[in-house]
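After this come two complexes, each holding chain A, first together with chain B and then together with chain C.
Let's look at the complex of A and B:
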């Protein structure tokens, strides 16, 4: 073995890599925001009184959960222009991440909603609370509290999945790294370094989630 | 898309299946070793495997494939893409399966281990005949869930340049300029592999939930 590691290209590209980290965070947070909306909306629609809507939600969840994200992102990337929407790769990637995360969020949040007993809802209605208020305070919040750990680990997975968005050359860490690699041919050094950056990003996300959990979902001290 | 193109996709499908099988089988061996070390009670081993799991669960699969791919080449090993990617998936699967199985080993009631010790069973017999058979049952839904994740994950091997189903789709789509049709078909093929497994997994989960109620 007579290869000498050379980190100069990585150090030179460090400012770009850090901006790439911000891109990754943007993709992750944007994807999560869409995923939460789809997740909550999907859970509501899953109990719709129309059979077709219920089946559509179920079909969506199964379809997304059983196909690779890479195929989904290609499909969306090529399908959007046909639908008359011209989006840049980065918004396309955020949309794809949101759709993918949304399917998992529906499944996870549904589990939480099912754990709320019917009597709670009836008690809320009996107290004269408005239907929307019952949903928000009695169903949604305790459900989210119950499933928050699963939701958080799913979102960490979503954060890691953002690297796949480099396949459609969205702006994030992996595509920045690929550019530096193709200019310097220092593949191992570049990818080794950004692997550590990803590790940092996922730790950042974990502490972000535990802060949210402590701030919004903890019970008052007993 | 003609018959020829579809057959080419099926060739890719074959490699996806082979890669998933290798990753899962070798990963199972590695995962078992990691789960046993993680629950061994030896502090150093637990720390080491804990770090390994945190590393692989905290970084993207794509990066793991890149680093293994280029890292092996640096070490002077000039392996084919096929071997390098298999090693990558094995390391990845070992970490995830190790963590799943650690959980299930710890979920087996402590009294079982104590009873086995009281019957003078050694560590090997205790694990093989008492703890692991129960742990495997507990872990089955999560293990199948991970297998589905692994099959989907093999699509990332296409970015490293390994020709499996997703890359075959890419090639065909570049040839016939019908990306929607091609990726639709590729998606359906993945779905046909993963969906039955997912259904089986949730069936087991329900049955297990009923059994422990």
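Let's look at the complex of A and C:
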């Protein structure tokens, strides 16, 4: 092999790549925020007293978890305008990531809620709190704590999945890399570099999650 | 007041809880059959009976943790129906203490005690905290106010659970085997707390097999079997002259020295 490494295009593009990292973080954090809202809301609706609502949630989870994310993001990108909503690629990507992550979050958080003993709920009800408050104040936090490691790894996955958003030219690291690569043909150098950058982003996310865990879920348990 | 004077018949004639012809079904299984029971304000009832006889079911119907299908339950002036309004009204009047304490693990002792007064009674933080501290003091555990439940012993947790229920200023307290999950050396501290509460005139229904407690504080002991009330009598009569064979057999089993 006589491939000669040349990092000049990567170095020239480094500021762009770093801004791309910020784009990736924006997609990931935005997607996670939507996912956590969908996850918690979905768990509540999943136990609605209306059958139609319960089935809608189940159907949503099935649909999202059994179809490719790339297809989902294309679908949202091209279907929304038909419904009269024009969104730019980046907000579209955040929405798609949130919807996708939300479906997984519903299943994970639901497991956490089911792990909370009936006695906790009964104690809350017996104290005169209504069902909604019991869920919000008594069940939710221990439930999230119970599944936090699964939720965190799902969100790391979501962070890495942001690279798929390059397919609709959302602004993030992979699309920046593709542009530099197509201008310089330095594929190995470019993708090698962003591999390391993604690794760094993942580590950053992990330390973000441990901070959250230490801040909110550090109460002692038996 | 001496302990004896306090414990001898503080009950009034005002009915606090009335259960009339109550039936409770789990699917095709009848867990409560024709329960008729009137508990007067200030009265202390001990409920006993073999496992599966419906003791928990009975007291859980009173605060509607279980729905009942026939008959009527009244608590104070409220008729307990299936509507959220009457259920919430009753639950504010009725405190409950569980076998497994059921403290909220993510809240400190103080927060456990302040939650319901603030959220259900809409008390301000300051007022809720003052009430909570006062009651934690009364169950002699105020110094643990900032700890989490997992950092306390079973007996301490149960005393916190009692204080937490009392923070709602209930007129009735229900106890479902409050000492049976405790190590023997912690039973006394919880029973002493309950005895003190009885001394203050609280209306109480206690499911327990602590017969010493029954002798000391109960106005009436009620014996259940197979979903029915078999026998009820003041403790003296209940322990010395049980009328029914079932009761004698049960007393023989639980009073037999181990």
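Keep this in mind: the second predicted complex is superposed on the first by the 216 of 222 C-alpha atoms of A that agree within 3 Å, B and C clash if a C-alpha of one lies under 4 Å from a C-alpha of the other, contacts with A are read in each partner's own complex, and residues count from 1 in each chain.
By our rule, a contact is a pair of C-beta atoms (placed from the backbone, for glycine too) under 8 Å apart; a residue touches a chain by one contact, two chains touch by 3 or more.
What you are looking at is a predicted structure, and each value in this text was computed from that prediction instead of being measured.
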item	value
Which of chain B and chain C A:26 touches, first, second, both or neither	neither
Which of chain B and chain C A:160 touches, first, second, both or neither	first
Touched partner set for A:138, first chain B, second chain C, both or neither	second
Partner chain(s) touched by A:129 [first = chain B, second = chain C, both, neither]	second
Partner chain in contact with A:87 - chain B first, chain C second, else both or neither	neither
First (chain B), second (chain C), both or neither touched by A:72	first
Per-residue contact with chain A, leading partner among chain C and chain B	B
Touching partner for A:199 - first (chain B), second (chain C), both, neither	first
First (chain B), second (chain C), both or neither touched by A:63	first
Doubly contacted residues of chain A, that is, touched by chain B and again by chain C	none
Residues of chain A that touch chain C when the two form their complex	117, 119-120, 122-130, 133, 137-138, 141-142, 145, 219-222
Residue numbers on chain C that touch chain A, as the complex places them	63, 65, 84, 88, 91-92, 94-96, 98, 100, 102-106, 115-116, 119-121, 148, 150-151, 161, 164-165, 168
Chain A-touching residues of chain B, taken from the complex the two chains share	55, 58-64, 66-67, 70-71, 73-76, 148, 152-153, 155-156, 158-159, 166, 169-170, 173, 179-180, 183-184, 186-187, 190-191, 194-195, 198
Chain A to chain B touching residues, read off their complex	1, 3, 62-63, 65-72, 74-75, 78-79, 82, 156, 160-164, 166-167, 174, 187-188, 191-192, 194-195, 198-199, 202-203
